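The following pair of complexes shares a single chain, chain A, combined with chain B in the former and chain C in the latter.
Right after this comes the complex of A and B.
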């Protein structure tokens, strides 16, 4: 098995470019695996685990670039390495030829754009603090996309930001909207009158997309990172962002999306919510309101969007299990006509962490044996939900919103499983996401179905789509592909989870479908 | 709250450090952006770099 490596000394490229090049090399004849990494300790460990470390690759320093190819023959490996080198050099030359002035430091960049009001940082986690701290000290707000940033670094950065009344959005902040402009991975939504503070990327994306579907838009969407409401970080950026939205004349109503806050933080949060003189909706997934405050607390992401829209329009609103119970009844009836399910386990494969968490909260109230983020274990009939954006699936590879391979492999595996009867899926569109995510998803589902049917089983697929008509992938085109591929599409992630539960446990129908409208 | 008001009221102007994709996307959206040609400091320990940044003078 010829595995060959080459090290390009002091040659840096960002991880998105490297993943694109590795993807191109993997399609070459005879290539089984290809890795294009910087020589950081984490990447060396990864190459070792994948059996791709070589004498040559081990010599690489963090600032050196490693090309490694595993191919059928020596000649194919050598030719693939040469192709990778050419792609990298061509990219560098194209940048040099463009003539654009490319500063090497924040300070020189600030001399070119002295009016900059935000520094967006997406360098590898260990380097993030230095860059973010420097930006804060220069009086600029920070959008910090980098992950794997130690919690103490986050505490230090946010204390500095708090002191200066600056926003430090992140670390691990996937999405933000500032004054109508999206940053990071985001759905294209109109500018509007609703301000949002969110811990996570997909939580904000789901709410923003739902608002757009309801004919509203965002004034600002402030991401704060998943640890902001922890005891260590103390909710500093959530509190600052809420205060800013409360004062912002372009914001008529406020939505807060998060995981349950730490108890001590909850008290401060509740006090801050009381001070917002605008309609306010809170969705802390898995937590309930601490008291009788002014803010309205809801249990699901889409409910947060629905409730805030009703509030700004002065309409009544109450949560419902399904927006169109008659349609759900018809669709469940059609599925039942196909005969009984041989397997009754749900496998939830999510690219959005918040969507996975939300589905878990819904299903564990409806079904027994629901397990979250564990690939193995669980006795008898069990329902398994996996967040494929979690670190264990993304080390050294793109997020599953960009690269569908991890989910494809798991869907194919589900086709062979005697336990899985329903696939529960999300599809996240928007800037930064895969250009046509429905296509590989449908292909994998069809393949898994053929395998299941050959074994005398049926495999149902249920999905919801986070996206807008303005997204580059086209919301209706993506939905059509899914529908034509035999996927049941529900309007929200919560409805999709409940629909999956109805398939495997029909007697839930009474409580879910007959609920008062 | 002056700073947030400035950020919220003014057009976004961004310095991008890291993934060039974000700079390209912001440019396409009509945002003024300068991309920093960042690379890991040669031989430097990231902890030391963070400490030095913390000790730098304010603007």
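Right after this comes the complex of A and C.
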């Protein structure tokens, strides 16, 4: 009568689980008896009396767990014992394995990987400072994904980083590329010779993707967080990052992406830009150059990429509203053949905050009545742009780049609105984003169109895609889905905004299609 | 969303659940009294307020600050101090008990999936108890729990009637794995695959002499004043015997000790405690030993004390509820403890003892 045992040292398990496992093992083929006991002397005696004691089981101490199986054959006993062990140990091993991969403290992580020079932190905002400060004091750069970090905490962290000549990327830093490694939400782009400093995650993604489309790549993309160029923070990390890229031998040219800096910071920023001995392009959305510096200032994200590529290639470049005006003419003409739009309002629904901001800047120069980030008010013929990544839309749910539901609901609502004639959309691909964002978007657009047509209205959809051919979603596959769903795709976010403006205001045609930016 | 957890929201939800789940009447509204030890930062992890804790747990936490995780379960984490004290930090659904530190933890705490592992350090810093680096509970406003005392007098006929009802509950519902099988009048349905009929029979056989010795001794000491007779050595054979996290024999002894103390049979409780604890230290494991120590002092799970109160009451409409709560303790642990409790109650009936009206003199 083969009896086999195994002892799990210092193994406490809930009684209910122990009995369930014993029951499962007893139902296995050939098993006559199965016991899962703590290794107390009384239980040793009990097992001995039942003929279930083995040399192995006798080694158990009171705090050890004994698995014992009595079966018809050796093989059946061994198999049942293995099953019992697997049932009991699987969870613990899973935890221990995950524990090994996920150290419990920063210090234990550094003991496991002493060569690490960067710490990525994503904890709730109120707790972020302590962890980030700890990392800085251990001489590591910080990528701080957390949002809702108090501004004073950011100031303290960045002063500490500045003192130590370390980068504190963030808080609220969504994207970074360091030496070819992406962190956070990022598009898969080749490593290259252009370095970026960005106070905007989607801004960095848009520029990086455009650079990839133009055949270039990134040396580094350093995120600094949206408040870095504010008066309180003083641009410390932007200045440090620009200095680092200026000295980096792998970087041939530099791009800076941000919102307009505070005027106190602008002077220091301008001085820092003057010191960069490399072609430099600045895109501070909504700001203009403070003087006659070396850096080239542009007004749009794609223009920043285009300008810096031209600079490293020694080519001339000047901005244009559309990269292919003839194609735009044809497409606008085709849309007009369908008849006049019953409604002439643009509803912009963006997952990228910087893309929304950029579209707003473009449209407010072209159209009247453009509202940004206000869901209500301004009834009548007006144009509304919403950043769906803003806090009010993400409370208790994932970012719209991951979960499209908020945007889907608003698109369906637009189908019922007598004011909306054009949907203006972005689609951000890359690591961390929805695995197939075009599919739910197209389905919602088609549903909204059916609703609008039932009401005697037409609804146009215009979009741009931030992504690369290397992204997991597949750039061409996403574009094809959108195109097949009747969405007008433009190469850049800026062009998409202008295209939408052309649809609702045809008399812009001459100025936009012929003019230079 | 950029952050991984709205810990405070989770905490609020859990607190509501905890209050409804507790249902314990006998709480002392005093604070734990650790505030003078010092205060502490919570660091980067969410902290959960302790709602209720047993007196032994409180004493251990006050006297020692350095602990380690002993075992991790779905709703609780057992911690052991350097000097061997044990407390159980867990969700309020565990119910009050002497070792329990019930905090407003998320119902889905599952410490194992949170990466809490046996051996990891546990540290009390002021009023904060840091369980590894993943969990912190605040002891500052925890209320002390004390067991509900049974009535000082009762009618043996009432007790006998209620004991029959308890035996009926055990026969109908107790799982076959534990020591309820060792009692002819409590024997339950056919042993299931969960334990095995052969092992069940052998367990009952192995426990038989110990239980019989305990029953005989209980009846003898209740009819003899003062107590001259120590429990026979056979009683100690129950220690560490049987399946489950806490072996069934330990649970039976624990139930008997709690009942003796609660019903005022102090000398008998002392004698049985001496016999039991002297052997238990080496014959069972740390968690079970800690529960036995509490039982020796007269404290066990709140549900057990509630059952005792119900047994002594003229009309015991809550007996079924109490038994249900006891049954939820482990797989058969609660039922085995009821066996110990029933043994003491049976002895009281057999000897006609009626609580405080009948005293035993000190040894």
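We adopt the following convention: the second predicted complex is superposed on the first by the 412 of 517 C-alpha atoms of A that agree within 3 Å, B and C clash if a C-alpha of one lies under 4 Å from a C-alpha of the other, contacts with A are read in each partner's own complex, and residues count from 1 in each chain.
To be clear about the criterion, contacts are C-beta pairs under 8 Å (C-beta built on N, C-alpha and C of every residue); 3 or more make two chains touch, one makes a residue touch a chain.
Keep in mind it's a predicted model, so treat the numbers as computed, not measured.
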First, second, both or neither for A:16, with chain B first and chain C second: both
Partner chain(s) touched by A:38 [first = chain B, second = chain C, both, neither]: both
Which of chain B and chain C A:62 touches, first, second, both or neither: both
Touching partner for A:127 - first (chain B), second (chain C), both, neither: both
First, second, both or neither for A:138, with chain B first and chain C second: first
Partner chain in contact with A:240 - chain B first, chain C second, else both or neither: first
Contacts of A:115 with chain B and chain C, given as first, second, both or neither: first
Chain B versus chain C as contact partner of A:181, first or second or both or neither: first
First (chain B), second (chain C), both or neither touched by A:146: both
Touching both chain C and chain B, counted on chain A across the two superposed complexes: 10, 12, 14-16, 38, 40, 61-63, 102, 104-105, 122-124, 127, 130-131, 145-146
Of chain A, residues touching chain B in the complex: 10, 12, 14-17, 38, 40, 61-63, 102-106, 109-110, 112-113, 115-124, 126-127, 129-131, 133-135, 137-141, 145-146, 153, 156, 164-167, 178-179, 181-184, 219-220, 240, 243-244, 247-248, 250, 431-432
Residues of chain A touching chain C in the complex: 10, 12-16, 18-20, 22-23, 26-27, 33-38, 40-43, 45-46, 49-50, 52, 61-63, 91-92, 95-96, 98-99, 102, 104-105, 122-125, 127, 130-131, 145-148, 172, 174, 394, 396-399
Interfacial residue positions of chain C with respect to chain A in the complex: 1-7, 43-45, 70-71, 73-74, 78, 112-113, 115, 117-118, 120, 132-134, 175, 177, 192-196, 198-199, 202-203, 205-206, 237-247, 249, 282-288, 330-333
List of chain B residues in touch with chain A within their complex: 1-22, 25-26, 29, 31-43, 46-47, 49-50, 52-54, 56-59
